[in-house]
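Once you scroll down, you'll see the structures, which are given as structure tokens.
Two complexes are shown next, each including chain A; its partner changes from chain B in the first to chain C in the second.
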Partner chain A sequence: MNRLVKDNILKGITYVASALSVIVLAAILWYLVSNGLSLISGDLITGDYYATTENAAISPDYSYTEMETQEYSGKGYYSKKWGIALEDITTAHNDEEISVVYVDPNSPFTHMNSLVAGEDGMELSLSSGSAVQNIYYEDQNGETVFLSRVQMKDAENTIKTLEEAEGIVSINYESIGGGIRGSIFATLYLILISLLISLPIGIASAIYLHEYATKNKINSLIRQGIDTLTGVPSIVYGLMGVTVLFPVTQLVGATSTSILLGGLTLAIMLLPTIIRSTEEALIVVPKSLRDGSLSLGATKSQTIFKVVLPCAVNGILTGVLLGIGRVIGESAALVYTTSTVISDNPSILSQGTSLSLMIWSIMSGEQPNYELASAISLIILVIVFAINIIVKIIGKRLAKSFV
Partner chain B sequence: MLIDKKRVKRNKALDKFFRGFFMAMAILSSSFIVIIVLFVCAKGISPFLPGYEYGQVDLISFLTGSIYRQDQGLYGVGFIIINTLISAFIALLISFPLSVLTALFIAKIAPKKLSAAMQSVVELLAAVPSVVYGVFASGVITGIVEWLASLFGIVTYGGSSLLAVVLLLAIMIFPTLTSMSITAIKAVDPNLEQASLALGATRTQTNFKICLTAAKSGIFAGAILGLGRAYGEATAVAMVAGNKLFGPTFNPFDITRTLTSTMLAGLKETTGLDYDIRFSVGLVLIVVIFFSNWILNIVKKRIGRNSVA
Partner chain C sequence: METCFDVKNIDLFYGEKQALKNVNMEIYKNCVTAFIGPSGCGKSTFIRCLNRMNDLIEGCKVEGEIIKDGLDIYSPKQDIVDLRTRVGMVFQKPNPFPMSIYDNIAYGPRCQGLKDKKKLDEIVMTSLKQVALYDEVHDRLGESAIGLSGGQQQRLCIARCIAMSPEVILMDEPTSALDPISTSKIEDLCLELKKDYTIVIVTHNMQQAARISDYTAFFLMGEVVEMDKTDTIFSHPSDKRTENYITGRFG
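Presenting the complex of A and B:
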């Protein structure tokens, strides 16, 4: 009896310990969802991080009498007269703004010409998501009145004022910033560059280690070198990147740290992952296949390219997926190599941030932005978890393939 | 029989070429570790050499110093090394028992379906990028720390503290420790377990006394790996460490500074001593990890010698 009680207590402890890890995972997901989910939208993914200001006048061709605006029953305050609905929001930058939620296709705000120097006369249309800064309108006496952002107060008051106006002259508005399009592109560039370089080197290394290397001192030294790479902290890779690889990127015209530099650094970081998963796939390929090919007169390299590698394709795919996950999640190595300056239009030779680095960038500033950071984290987690599941499925298929 | 001699010759040459190519790539892959160590060493040592362009730094006061103030030109990483060791070890102390118990649960105790589900939980925790842990830490863990501190009547710096770093690291190394322990426990010879059961021990007694003892070498290897990860963790730690200018920090509610958070602090400079000294700190980090691994591997061999398996 005593023994039974003791056993159950011990068993209970393991249940509690396991429950703790479930709680931690749930807490992380709950925190990210409750903070970031509301921000996730098409605008977040396609938008710029930095807000741009537009100043536009209603086009002289626009006729108030001919255009009929429709009723609207969505959220926000709607003015049928001007075909525009406004709403109070808090932006990703933590500012209180009056945001456009709906613009009728026949609204005067869809027929405007830019007043910004350099873009004079360019046709503009107010789109939902923009933040209204100030408006010039005509009152009953036909005089132009300036309605500043402070006078607007909130969306309800603005609509009320506009309803009493006789005409709209011009509007100053800001596109809402806080978007992550630039960082998504930078992340894609990083994935592309790092895989393009580390895949051939990694696969070739794995082939050598598994197909050619005999047991001798040099080969075990090679293996040890690759194994040691796994234990190097990513921040040290960053240090290596700026000293060793920066001159390499200078050759192709980089003047500062760049996405190319970050990609090269990550390529080296990925090598152990690619090598290991390729090798694991090579191990599964039965020896009889190789022997069959060799005895038919194929050379060793022909056997490798035409028989062994096609069989190992799943393992290589696993390596690629794990590599992509690693690139998406990496931040420390990139702090030194791609800089922490968020870019809306990154190119391979410019600075920019990946999604993870963008989180670091907005969290380490003066005013950390928890909502945006959580939203990006959520996006990253969804991708990384999906990759994890796919890798698991491939792994199961790989285990079955030669049984 | 007709044999195209030219073709055979070409194939042989190709074969030789590919063999050389594969070997060259393997050598290239493994030479990166040498390149990393060499270049970080060269750049990290340069501030201590005479004739350094921004003014030579004294190596002894760098390694033993207890103040790190770039604005006053005081670079002492002695206390930072101690901070790093403290935070990593306490994190390991918290995480180790929990992860071993979880591993035992997954490998031996849990019903099959629950075991698979828990395994997935551990894998997902391992897949969470460190910067996401950082967001979680600065949003949730700092809150918990602040609340704890208020119970003792202590005001923290917004929750950034040694305790927050320790809790964060404990969570971050948990998946590494657990998955290594699972592998070790699953590798235990079933004969040992059956012998124990045959001698009249219960299933649970066997799990705790035989499996864990036999697997301790592998479990310890996981601990070494986890500790290495704790030392090198950068962005997440920097989010909750605060930047203490002197130390070492022993008060769990006080802010701290680790080697990695020092390397990430104030990245505006791209040349000069403030820039180069980061490589010196990085070099110290490499040396700390190397020595810690070396000592722990000796301990592991001792433990392994008494191990049953």
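Presenting the complex of A and C:
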């Protein structure tokens, strides 16, 4: 009886513990979804982070009488007179904005010239998604009136004011920022660079350690060293990167910290992981296969590349997966090496932030933006999930082509 | 009869432990030579000396000479990879590579740099025919070798070995993991193959040695107690220990 009670208590503890972990994970996911899901859209993923401002006047060639605007029955408040529909939105930056949802092809807002100095009256057309900042219009007396963002109040009021106007002079609008395209690209660059460097080196090191190295003091020291490196905090790798690797990136033309520097740093950070998982995979390959190959007059390197490595491919892919996960999740090592400046069009030699570092940048400002951070977190989760599946499919394919 | 291996005073050590003591014997061409003896007597260790597979074991040291074609295979002049192409080996447990049947057999020739598809096709076909596996698998050469039965896998391993057209085939208890039918197929195969190859076989099964071998060596505690024609060993052994072993008094 006593033993039975003990047994049930222990069983109960495992139940409670697993239930607790599931609840915690679900709560985190729920928080991310409830905060971030509403922000996620195609614009968020493909858009720029920084808003761009345009100031444009209606083209003198535009004739109000010749152009006829159509009716519109979509969302937002529509002014048939000017062929423009507006609605109230909250941006990823957490700002209340009046956004353009529809512009009629014959609207005066599609025939504008830039007023920005240096753009030489470039032809502009208001597109949906832009946020209206202020408008100059003509009233019944033919006088030009300034309608500021504060006077506009909301979309409904703006449309009402415009309906009473006699003509439009110019408009100031900006694209809505908060997009994460740049950071997505930067993250992909980081994954590519770090894997391209760490995979061959790591696999080769693992092969040396497991297939060639004899048991002696130097080799056991190397092994110890690799195991220790696995536990080194990533910020230390970051410091090492900016001090030791920066001159290396200067050789290929980097003038500041760059994504290349971050990638190199991450590559070094991944080495222990890749070496370890490859070695584990090599250990599992049966000795009888090596013997079989060698007894057929294959050389050691032929044995390794034709028999051993193909058998170990799944284990190696596990290492790749762990590596990608680490690159996506890394922020501390990148603070010094890629910088925390969000870039909309990152290149390998320019600064930029990975998605997780972007969360840090957003949250460390004066007004932490929980919504955008949650949305990015969700996207990171989706990317990790997708990469997981892709790597598994590749693993299966490779195993199949080998068999 | 031509000598294939002339073994002179072989001593083998695993670290401190001596596993073979002063082994001397001649192995003749186009004969089946069987090694019998109780477990741990050194017969497998010795057969692995003949193509230097013991080199792979850490701490293994060999002293003495094994002369093949006028050259000591343990001399520094010997190219080990070349030696293994001439002295092939079949292991106790079938160890086909996790590749297709075709790729398994083509593996050895490909490692030697043979790329000609026609020649490879021919080698694969003749090798499979020689081990009487062709009829069973000819329609699924592209399928994984892992899907074959144990006996088929072992014959595939022999075919893989034959594909290298070696002079000698070493077999280390090739039937110990197989059922009686597969075993008898492999035994028949040995008798068939000795026309073209020299075969050295380690076996636990004395009837097997009696059935297929021309010469038999009896190993005990790392020494060769007796080596003679198989008929002589099994009918008039000159050593009391051999007699005790083959009559089943120990072992």
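One rule holds in what follows: the second predicted complex is superposed on the first by the 325 of 403 C-alpha atoms of A that agree within 3 Å, B and C clash if a C-alpha of one lies under 4 Å from a C-alpha of the other, contacts with A are read in each partner's own complex, and residues count from 1 in each chain.
In the analysis below, a contact is a pair of C-beta atoms (placed from the backbone, for glycine too) under 8 Å apart; a residue touches a chain by one contact, two chains touch by 3 or more.
Keep in mind that what you see is a predicted model, and the values were worked out from it rather than measured.
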Partner chain(s) touched by A:39 [first = chain B, second = chain C, both, neither]: neither
First (chain B), second (chain C), both or neither touched by A:311: second
Partner chain in contact with A:289 - chain B first, chain C second, else both or neither: second
Touched partner set for A:299, first chain B, second chain C, both or neither: both
First (chain B), second (chain C), both or neither touched by A:377: first
First (chain B), second (chain C), both or neither touched by A:131: neither
First (chain B), second (chain C), both or neither touched by A:214: second
Partner touching more residues of chain A, whether chain B or chain C: B
Intersection of the chain A residues that touch chain B with those that touch chain C: 299, 302
Interface residues, chain C side, partner chain A - complex: 51, 53, 56, 58, 81-82, 84-85, 88-89, 91, 93, 95-100, 107-108, 111-112, 144, 146, 157, 160-161, 164
Chain A partner contacts - residues on chain B that touch it in the complex: 11-12, 14-15, 17-19, 21-23, 25-36, 39-40, 43, 97-99, 101-102, 104-106, 109-110, 118, 121-125, 127-136, 138-140, 171, 174, 178, 202-205, 208, 225, 228-229, 231-235, 238-239, 260, 263-264, 267, 278-279, 282, 285-286, 289, 293
For the chain A and chain B complex, residues of the former touching the latter: 3-4, 6-8, 10-11, 13-18, 20-22, 24-25, 27-28, 31-32, 35, 200-202, 204-205, 207-209, 211-213, 221-226, 228-229, 231-237, 239-240, 243-244, 268, 271, 275, 299-302, 304, 325, 328-332, 335-336, 340, 356-357, 359-360, 363-364, 368, 370, 373-374, 377, 380-381, 384-385, 387-388, 392
Chain A residues within the chain C interface of the complex: 214-215, 286, 288-299, 302, 306-307, 310-311, 402-403
